[in-house]
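The same chain A turns up in both complexes below, where it pairs with chain B and then with chain C.
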Partner chain A sequence: MTVATEAPPPSGSGTATRPRAAGRRTGPSGGWREAAAHQLFLVPVAAVFIVLFVIPLGQTFYWSLTDFTGYSDDFAFVGLENYRTILSDPSMTAGLTFTLLFAVGTTVLTTVIAIPLAVALNQRLYGRNLARSLFFFPAIPSMAVLGLVWGYILSPLGSGVLNSVLDSTLGLGPVPWLSDSTLAKFSVIMVGVWGGAGWHAVLYLAYLQSIPHEYYEVATIDGASGRQRFFHITLPLLMPAMVISQFLLMTNGLKVFDLPYTLTNGGPGFATQTITQSIIVSGVGQGQYGIASALAVLFTIAVAALAFSQLLISRRIERRVL
Partner chain B sequence: MTRRRPLLSVVVIGLACLVGMPLYYILVNTFKTQEEMVSSPLAPPTSFYLDNYLEVFDRIPLAQSFGNTLYVTVGAVVVQLLVGATAAYGMILRATLFNRIFGALLLLAFVVPGQATLIPLYRTLVDAELVDTLNGLIFMYAGGSIFCFFLIQGYIRTLPFEIIEAARIDGAGVFQIFWRIVLPLIRPILITVGIFQTMWVWNDFILPNVFISSPEKRTIVLEVYSAVGQFTTDWPAFMTLSVIVLVPMVVFFVLTQRHIISGLLAGGVKG
Partner chain C sequence: MTRHSRHLAAALSLATALAVSACGGGGAADGDTLTLLAWDSEEVMTPVLEAFEEAHPDIDVEATYSPPVAEYIQALQTRVLSGTAPDVFLIAAENKTNLIEGGHVLDLAGEDFLAGVPEFNQQTYGADGAVYGLSLSSWGAGILYNEDLLAEVGAEEPPDTWDEFLALCAELKDAGITPYLEPLDAMPGVLSAFLGAYDASTGHTMDDEIFSGASTFEETWTPLLEQYNRLYDEDLVTRDTVGLGPDQVEAEFANGRVAMMIAGPWNVNSVREAAPDLEVRMVPIPGVDGGEPFLAGAAAPGLAINPESGNIEAAKAFLSFFASPEGIEIYQAQLGAITVTDDFEPPLDPALDPVVEDVRAGNVYLPQIAWQRAEDVLNVEAVAQIQRMVQGEITPREVAQALDRKLASS
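Then we have the complex of A and B:
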């Protein structure tokens, strides 16, 4: 034990809990045998990274420049031909635009709904826990199953639940929720917001509860109105939560597949087709590996660029506000 | 402190009921006949009618798909947590320049969407004869290890390193320390990360949809999706299937709610 207590000082760092200091120490005292054993701990994650990310990503990039079909090993290098094909194929560009629309639409709407909702759920209310649970509920089950259920609710036929309710209460004729291309886009986005708003409200709620109550008391004494308190205390202090929440909304929005696939199956036409669906259909379904890979490369670049620029922008806003 | 606000309460509860409407809708209709559902879709059921449940249990191999999902979820989450925990521990034991660069490279795995690697991995699984197998799914979900690694690493840094040092001096082997000391110490983060990963794997649709084709290997979400065609004209039966499928997740949520909220809060403290 005496050795153990004497050990920290030579490491050069003041605290023994600093991991980096501990890491350096194992070298000389443990010898190469122990160092090798320690390095072994990183082998599984390296294997996962190489097998599931690096190699397939390289293959995707390489295939995107070929006319590989998956059936024969005899394929040719076609340069950027696949990229040109994608950008001139209406079904592919439709997928690209709808995915962007979904990502931006759900990000904006969910944020606009979740922040006031979190503020309201932070007040003293009757039945507050029930309300919180109900709002959070849609985040629990699989989005694929919820998409199927909403398919029944929004069924464009007169027998669809929403349509029969509208018919019996307001006397409206059947609304083509999922069969009109504009309405279908709107419906998919609304269901997406329904599924995520409560989850993100709880995320904001967690941050709201960490704001010291004194801030509000002081502001009230100084004569700030409710609106002023919201815009000058609550909103700036929610900035870190907004960065996290919007980053998640944006990346998950771009990667969306389950919901449009089960709700509309990409229809009507290609109105609600997502990039992911195009990749799967052309790659796994039709064996057009070249096209699917080119689409995947474009998609990866788009996700990386958006994630990066979003982080940059939110950093800048954060610095200005705080 | 402040008084309860009745007006706001009414508005919030009203909105909450609107959000919960689809849940109410599918639940009440499981106790109705088809005629009753069409004539009054939103009314409470008039009798305790259980035929839908009997029919669904009879027609859909629920026990089998439930077992498949359980196998894949447990296997995938255990692999993810083990790989993530060993990596986080290894990174702290040997924080060499090489390893730190490697750690930064792992961040790339966050930016790369699963869709970008799907096609080549599909080929790999075909070659390895793992396509259309449950183990193949677990192999695919192992990619989630890297997410676990980052979360566990954040936690493991806060541990008192003296405990590990003391065990080392007492003669415990490297792997013994990991099993007997490190893993029990990081249990709280393993639980939190495990819950989020469980919800992801259990609810996932895209991987089973792409990789599973045999009916007897379907996961529960895929089973529901496949049953839609079968039940197009029998809506109450489909609603019943949805409710049965929701039950395990709701129970899981109720049991783990505390950890989910604290997990969100942990993110809050970090931000």
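Then we have the complex of A and C:
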């Protein structure tokens, strides 16, 4: 009997983990010390999160209930007045509409372009590295620079770069790329897609290269067509990359400022105005920090809701596919 | 915690405290160091600052630079709010109300250096008899025209009346010449000039009446907006102007593709650089309904003194030097600005001759500077609504009504 009780536990994953778990719950002070030591590693991150996010967000909410101008500490509490002003202002609702359109438009179009582009750049072809570099290049300059350059390319005059090309090649009259509300929205989204598709294609490329080649070989032997291989092997195995890419696209799209600001300055009218532009113009340009803060609070809530929903849906699809 | 780590923590705390206190002390400097937040570039300001330090060897100027307009406003605002405002900074249309109401600018009324500055420039940055900014130049925007292109339809210069101007545009268009372009990313110069002429005809009471509630934008602006919109309603000018920036309009003009453009003095300099052989000249914007030709324009931002400064005398010495013929000559040479002090005649491009006198006399108008509150709020609204009007989405009356609503909610 004694021999049996003193015998070492049999090897195996189930029994091997049990004593450690039991030790953590019932052991002497070493257990909680170890747990506390682990938690200590989170302190710097938590401190940064609190200082750079929680406190500013709390302050923003506080200012959103005031008529703070940004120039004087002499301010008054106005309750939810700033929120009422925002929700009744047509320019703010126009800004919200275009921001959502830009975020969704760039997310969908970039994804639709970036995945086939990544597949193409993954093929064995002459000058592949040069092609990858060329497609990645638009992601290097800032969006503000892209906006200024594209402003000349998309000039609505006949002397604009794109209009000159259209005229000389197809005989088309000048197209009002930036002076027509609908075309201006389309132009801003297209430039955003042009600037981001290459970067996201490289992201997909990294995931593509991790897909075992044997899958394709087996599928080919089984007689699967190229289309079937793409939809039944490539696309499902790219799902983790799509989650990351679309999350980045959506969040960056929602907080976009530099591209529309430099390309159209929010015009014509309020057609391409974004929420971030409204926040900056109201807060800094117009000394309405209360209104800008209220807008920032509403926008933070909207972005958080969208981002969480997107993550939730993506993970559910990911689980179903993989 | 070991003794060693306690010492390390203490040293880090001390270092942090010193760093924070050093950052916090970057505002109004004591002693003979004058802090300045400049609006113009370092290239423009350096000769002026060197001359000042040479004339006042006991004062060192510590200048920081922030480009106009939004970045400057933000940089100054942050420093004002944190109690680290420089001794001298710029008061502009975009921040004057907040700076004056917040008590962040010193009253300069009665100072000797204001003696040669026109009343118009003093009043632009003043309130209730006080003067808060030393504005030493003004600008005016008129019609810059290509003499050769106008000669093709037998015209020597743009006419004085709006009807005749529109007729000239029609003639140019019929001759295959683009008659006129303007960027619509800001308040249209033509409309500003119409409003200025009307304001002058009422004895400068137009904005008082609107902001006191005795009148409205709808009542005052609608007829002038309708006149301005004839450019587009009568298909004389492309509606694509809503998608153009000032550089694009200037490039079209410099390349000889357009006969007339709205322009300020700065455009003349850059057109000369881009197209030295182009024969150009600037005239005031034609008058509407029998009114006089007028110019869009304003007094340039003024130098202001921080009332919390420990260096007020040095700051006044700086302003005094800036306003002196010696100081202003150096500054004017850098920018080619139309300076307004009575003891210095600025050397300017001859193309500006027809407008210089009016600009120096303050016969210019810009709504966002003349407005008495919510200047930038109204300006942003006006520009956006005017763009919509030019696109044909709304009527001139609806533009004015939108401004009334914005004023009521601001």
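We take it that the second predicted complex is superposed on the first by the 266 of 322 C-alpha atoms of A that agree within 3 Å, B and C clash if a C-alpha of one lies under 4 Å from a C-alpha of the other, contacts with A are read in each partner's own complex, and residues count from 1 in each chain.
Rule of thumb we're sticking to: a contact is a pair of C-beta atoms (placed from the backbone, for glycine too) under 8 Å apart; a residue touches a chain by one contact, two chains touch by 3 or more.
Quantities reported herein were computed from a predicted structural model and do not represent experimental measurements.
Once the two complexes are laid over each other on the shared chain, residue contacts for A:Tyr152 go to chain B and to chain C alike.
Applying the stated contact rule after C-alpha superposition, one finds that A:Leu52 touches chain B and leaves chain C untouched. Of the two partner chains placed around the shared chain by superposition, neither chain B nor chain C is touched by A:Phe77. In the superposed model, more residues of chain A are touched by B than by the other of chain B and chain C.
In the superposition on chain A, A:Thr69 makes contact with chain C only, while chain B stays out of contact range. In the superposed model, A:Gly269 makes contact with chain C only, not with chain B.
Contact with chain C, but none with chain B, is seen for A:Ala184 once the two complexes are overlaid on the shared chain.
In the superposition on chain A, A:Pro174 makes contact with chain C only, not with chain B. Within the superposed three-chain model, A:Ser91 lies in touch with chain C and out of touch with chain B [touch as defined at top].
By the touch criterion defined above, A:Val161 reaches chain B but does not reach chain C. Taken together, the two complexes place residues 70, 151-152, 159, 280, 284 of chain A in contact with chain B and also with chain C.
Chain C meets chain A in the complex at residues 70, 73-74, 77, 80-81, 94-95, 97-99, 101-104, 184-185, 238-245, 248, 252, 255, 257, 374, 376-377, 380-381, 383-385, 387-388, 390-391, 393, 409. Of all residues in chain B, those touching chain A in their complex are 1-6, 8-9, 11-13, 15-17, 19-20, 22-23, 25-26, 38, 41-42, 82-84, 86-87, 89-96, 99, 102, 105-106, 108-109, 111-124, 140, 142-143, 145-146, 149, 156-162, 164-166, 168-169, 174-175, 178, 199, 202-206, 210, 221, 224-225, 228, 235, 238-239, 242, 245-246, 249-250, 253, 261, 264-265, 267-269, 271.
Those residues of chain A that touch chain C in the complex are listed here as 69-74, 85, 89, 91, 151-152, 155-157, 159, 174, 176-181, 184, 264-270, 273, 280-281, 284-288. Residue ranges on chain A touching chain B, taken from their complex, read 1, 3-4, 7, 16-20, 22-24, 26, 30, 34-35, 37-42, 44-46, 48-49, 52-53, 55-57, 59-60, 63, 70, 117, 120-121, 123-128, 130-131, 134-135, 137-138, 140-146, 148-153, 159, 161, 164-165, 194, 197-198, 202-203, 206-207, 210, 240-241, 243-244, 251, 254-255, 257-258, 261-262, 275-276, 279-280, 283-284, 289, 292-293, 296-297, 299-300, 303-304, 307.
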